[in-house]
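Across the two complexes that follow, chain A remains constant while its partner is chain B and subsequently chain C.
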Partner chain A sequence: MKPAISIIRSSAGASPVAIALGLAVLAGLFLFPQFVQSPYALHIMILIFLSVIMGEAWNVIGGYTGQYSVGHAAYFGAGAYTTMILLQYKQISPWYGALAGIAVSLVVSLIIGSICFRLRGPYFVLASIAVAEIMRLSAMNLKDLTNGAEGILITEIPHLKFGDTLITDFLTKVPFYYIGLVIAIVTILVTWLMQNSKLGYYFQAIREDQDAAHSLGISLSLFKSSALAISAVFTSLAGSFYAIYIGFIDPPTVLALDISVQIVLICIIGGIGTIWGPVVGALVLVPLSEALRSNMIAQGIFKIGLASEESGVGIFLKEHLSHAHALIYGILVVVVILFMPDGVLGWAKKLAAKKGKE
Partner chain B sequence: MLVFMQSLISGILIGGVYALIGIGLTIIFGVMRVINFAHGDILMIGMYMTYSLFTFFGIDPFVSIVITIPLMFMFGAFLQKVFINRMQGALPQNQILLTIGLGMIMSNTMMLAFTSDYKILSTDYSSSSIKLAGISISTPLAISFLITAAITAMLYWFLLKTDTGQAIRATAQDREAAQLMGINVKWMSILAFGMGSALAGTAGALISPTYYIFPQIGSTFTLKAFVITVLGGMGSIVGATIGGVIIGIAESVSAVYISSGWKDVVVFVLFLLVLLFKPAGLMGKSRM
Partner chain C sequence: MTPILEIKQVSKFFGGLAANSDVSFHMDEGMIMGLIGPNGAGKTTLFNCITGYYPPSKGDVLFKGQKLNGLQPDRVCKLGMVRTWQKVRPLTKLSVLDNVMVGALCRTNSLKVAREIAHEQLKVVRLDHKADFIAGGLPIGERKKLEVARALATKPELLLLDEVMGGLNPAESDEIIQLILDIKKAGAITQMVIEHDMKAIMRISDRIVVLNSGEKLAEGSPAEIVSNPEVVRAYLGDFHA
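On to the complex of A and B.
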């Protein structure tokens, strides 16, 4: 009950308008599948939830504790692979599989922590990448366990039953929508609770000045490891969720450096070390990259008449722009780092403050 | 024994090219204290440049480096002047992210221009080899090693004997002191990034007859470049040269005795061990 009370207490500071607005958004999110049947819209929402989970999870170690891990694909992949292997070869339900994935990720996080937390700054970044790369290459090579480069494909997800009544058979995207939504909300809540707890203050003290924090009696290895563990749990959960939702995993899609970088970008673009930063990041990144992937940008260029669909340029754009959806990631990162070092959220706040002064 | 000698020699040959990649990264780090995550992507651009010169103009990849080197130098100088320079003194993580972003732009632009298909640059000597006392040496690798050795020698001479080279080393040792001595450190940074990019681009040109060319190849080489420079000690050119050869040998020997699938794992484990037990690298702390 304690957390619930503290939520009520702390939210007393928020304005009634903000609370009402928050509740309305929450209700809207829960009712969304009742009004929107389009599988594509649901798919986009699920991807946004997934990004929110990954972004918030990274935020705990990267944003609050200041340890820039660029190897979070390790936990994402550990969750995804554990769930899929258990489901495929042992017929164990993904619910337990996800828990097993969390256990594996916790072990991985302890190992990574014991190796990498002795290192600082750029060396830490490089070490975190190296560990994730070792995991990717191992997944490629341990063919008996992971099926190597061919990956694991599942055709059937066990139905969810309560006693004998069928709750869902996972044939539509709706159950995934709700699972994703709930995990995302839980992740945000956990981050929020952490931020306002003693633990969160320890983390932030380590981010601001490791040596000062250490001399005040904060155990660096203990709290860095705790932050990484919290982060690993939710990243792993996101990995399991992704694996079951997509139904197929292979080393390049769940363990590659790109995944680690994308996780970091969600935070950087939204705003690092803030509760809503990753949410903003996900809301910016997912629709943008989906628009590129589904060729909406190319269609848009044809519509406003920058190039005609039949011309050489048009055909080229139509064929290749969808493959280069990561281009927008790159451009966004460069723009954000150079011009909005606090992310979109921080930039918007500054803008609002400026307006308020005038 | 013959098998061992064979893998040792091919390791040294490829290690020469790795050294070139590592030296480029270490010069940039030494002078600017920026870890360039786009290093492999710059190398990839060098590969595509060589590929285009070969396919459209029929210029031999080893001859075309006289065009690639100045072009890549200008490209690097441009990157430094327009992007990296703004981040001087910013948080290291932000510098890292900036270069990651630049790398993504490079690889995706190349994907737009050349599609993500694997390209092969095949010359008439691509698969030929020289037999020497029972050991066969791939001709393109042997030529690229000789060119690498020549470039490295020239680079050492430039850094040790010329005024500009000494100014670069002074900037790497102590930026502020160098500035007080009247060295134009901004210009040195541009020069360093240009040289680093030219070296990466040259390495790309030299390996293009033996490797598949595709837009995402960069990250592999970025990681390799880090392993090499950390192994030798960040900022140390001698270290990067030795590190490159060590990694080349480690790869080729483990490919023969373990398996080619695990050779990169061996390299990364080696990397972690060095980070843990000798974080300053084999050659000590940032000395150029």
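On to the complex of A and C.
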């Protein structure tokens, strides 16, 4: 039970301190590649941007509207495949390819919406998974279009030119860094605009109680489809961006169920239905998964002297910890969900509120 | 004058069970219609048929002369008819003000206008002091008021109240009764009220329809209804009649 006295609206808008801090972070992000040239650091940042985009996108339909789609790989894959097919077989620039991907994803979202939104709760979840799986199997088998299980490999990314001046040739990670950063910022801005509009109110009303929302003049089919469409647009954009950045796609990397689950996790870990939740989720999950995969944890343990590298435990950690990264990742996710049901952000807010009372 | 609401031989079947059969009555503008009947008489089902949650199996519902059959609840609300819920349905994680704003957004796209309407309606139900509280934290009496404020914010011409006094203490009930009478006095809104509290329903209703086992048992003024032997029998059994 929530206490009856909890008040959720703060009367003032963002404080000047928060605005200044936000601008500083933004400036820092834009200057980051000037100071850090390490491709690995840039790579991690780009993965974080991707996660932010996907998380914010899912948040619109899952967090705000309360329709837990576990089939968002469908839009991610639609964006990725459309962009890659157009680039590789028709030599169409990825900029247009990404737009075409958005169009395809919108169509897919309308079809999925018209089928799945008849269902509520767990049935909607299952239907969303099923549709994404249909897409994956189709991509596997429509070999003429998608090259099947072999996937599509980019041979060359067309250079970005403005008139005759070359802006970038995409040879380093820096242009990808900026593209990812800009899309992430736009996604956050769109979410913010949505939250502070009629759409945001209607989405949340649907999440809280569909029947009540329906009785108050909210067309469930229209607004659920709108939420899914907004979500699909940005997920598709993330898919296109990922495809060009990595340069290779096949059904298991862009259309598989674990992509869908990853997307949901970003929001659940960070804090569902809030603007900054997916950002926090991405900041937690991406470094965590990288650290586990590259065995940084074992090295950290050796460094602080908890175990020596030559001891039995040390050898065991060195040999096996990185192989068990998925397992540890899973356990950590379960722990977070158990002890922070409102996500890291919700937990931090509660902690701050407690501190404030004392 | 066309009645604001006309129910023509409405029946609703669930499989073989007739939750409503052949119910007909009409309502004139500005009146308060009481809808009573023992538990399971089909009162809430009739509300659901009128507001679009179920299409009636047979018969017609006419609102301001327009047939509603098959119209979804959101369309019905846009036309000017709104209902509250017997089991209250607050949007729990939103603030009280936001709850009412969701209703107000039915008539406007501007959050600013919606906020003004919402404050106005919260004043009407005397809940303005709780505007910034989370709806899920309100006690039952205030949740019922919130239901009414949210419905009023959609600017209805016809308001259907499903047991707004259920579970309230006498003081809270009195407040709701006064609220219903005030709405009537203001003149723009016609009301249909489902209620179990006989004293209250007799006090507020201009006319009363009695349902029993899905059928209309009687219709008339409160005085006619209390002296109707069939109604007494339905409530108290043969012995008392």
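Convention: the second predicted complex is superposed on the first by the 320 of 358 C-alpha atoms of A that agree within 3 Å, B and C clash if a C-alpha of one lies under 4 Å from a C-alpha of the other, contacts with A are read in each partner's own complex, and residues count from 1 in each chain.
Everything that follows uses one rule, which is that a contact is a pair of C-beta atoms (placed from the backbone, for glycine too) under 8 Å apart; a residue touches a chain by one contact, two chains touch by 3 or more.
Predicted model only: the values in this text are computed from it and were never measured.
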| said: Quick check on the superposed pair: does A:Leu171 touch chain B, chain C, both, or neither? Answer first, second, both or neither. | reply: neither
| request: Classify the contacts of A:Ala353 with the two partner chains as first (chain B alone), second (chain C alone), both, or neither. | output: neither
| said: Contact-wise, after the overlay, does A:Glu208 reach chain B, chain C, both or neither (first, second, both, neither)? | reply: second
| Partner contacting more residues of chain A (chain B vs chain C) | B
| said: Which partner chains sit in contact with A:Val17 here, chain B, chain C, both or neither? Use first/second/both/neither. | reply: neither
| message | Going by the contact rule set out at the top, does A:Pro122 touch chain B (first), chain C (second), both, or neither? | response | first
| Where on chain A do the contacts from chain B and from chain C line up? | none
| field | Residue numbers on chain B that touch chain A, as the complex places them | value | 35, 83, 86-87, 90, 92-94, 96-98, 100-109, 111-112, 115-116, 219, 223, 226-227, 230, 259, 261-262, 264-265, 268-269, 271-272, 275-276, 279
| Complex contact set, residues of chain A against chain C | 1-9, 196-198, 201-202, 204-205, 208-209, 211-220
| note | In their shared complex, chain B is touched by residues of chain A numbered 68, 70, 115, 118-119, 121-123, 125-127, 129-131, 133-134, 137-138, 140-141, 257, 261, 264-265, 268, 320-321, 323-324, 326-327, 329-334, 337-338, 341
| said: Under the definition above, what is the set of chain C residues touching chain A in their complex? | reply: 51, 53, 72-75, 77-78, 82-83, 85, 89-95, 97-98, 101-103, 105-106, 109, 111, 114, 132-134, 136-139, 150-151, 154
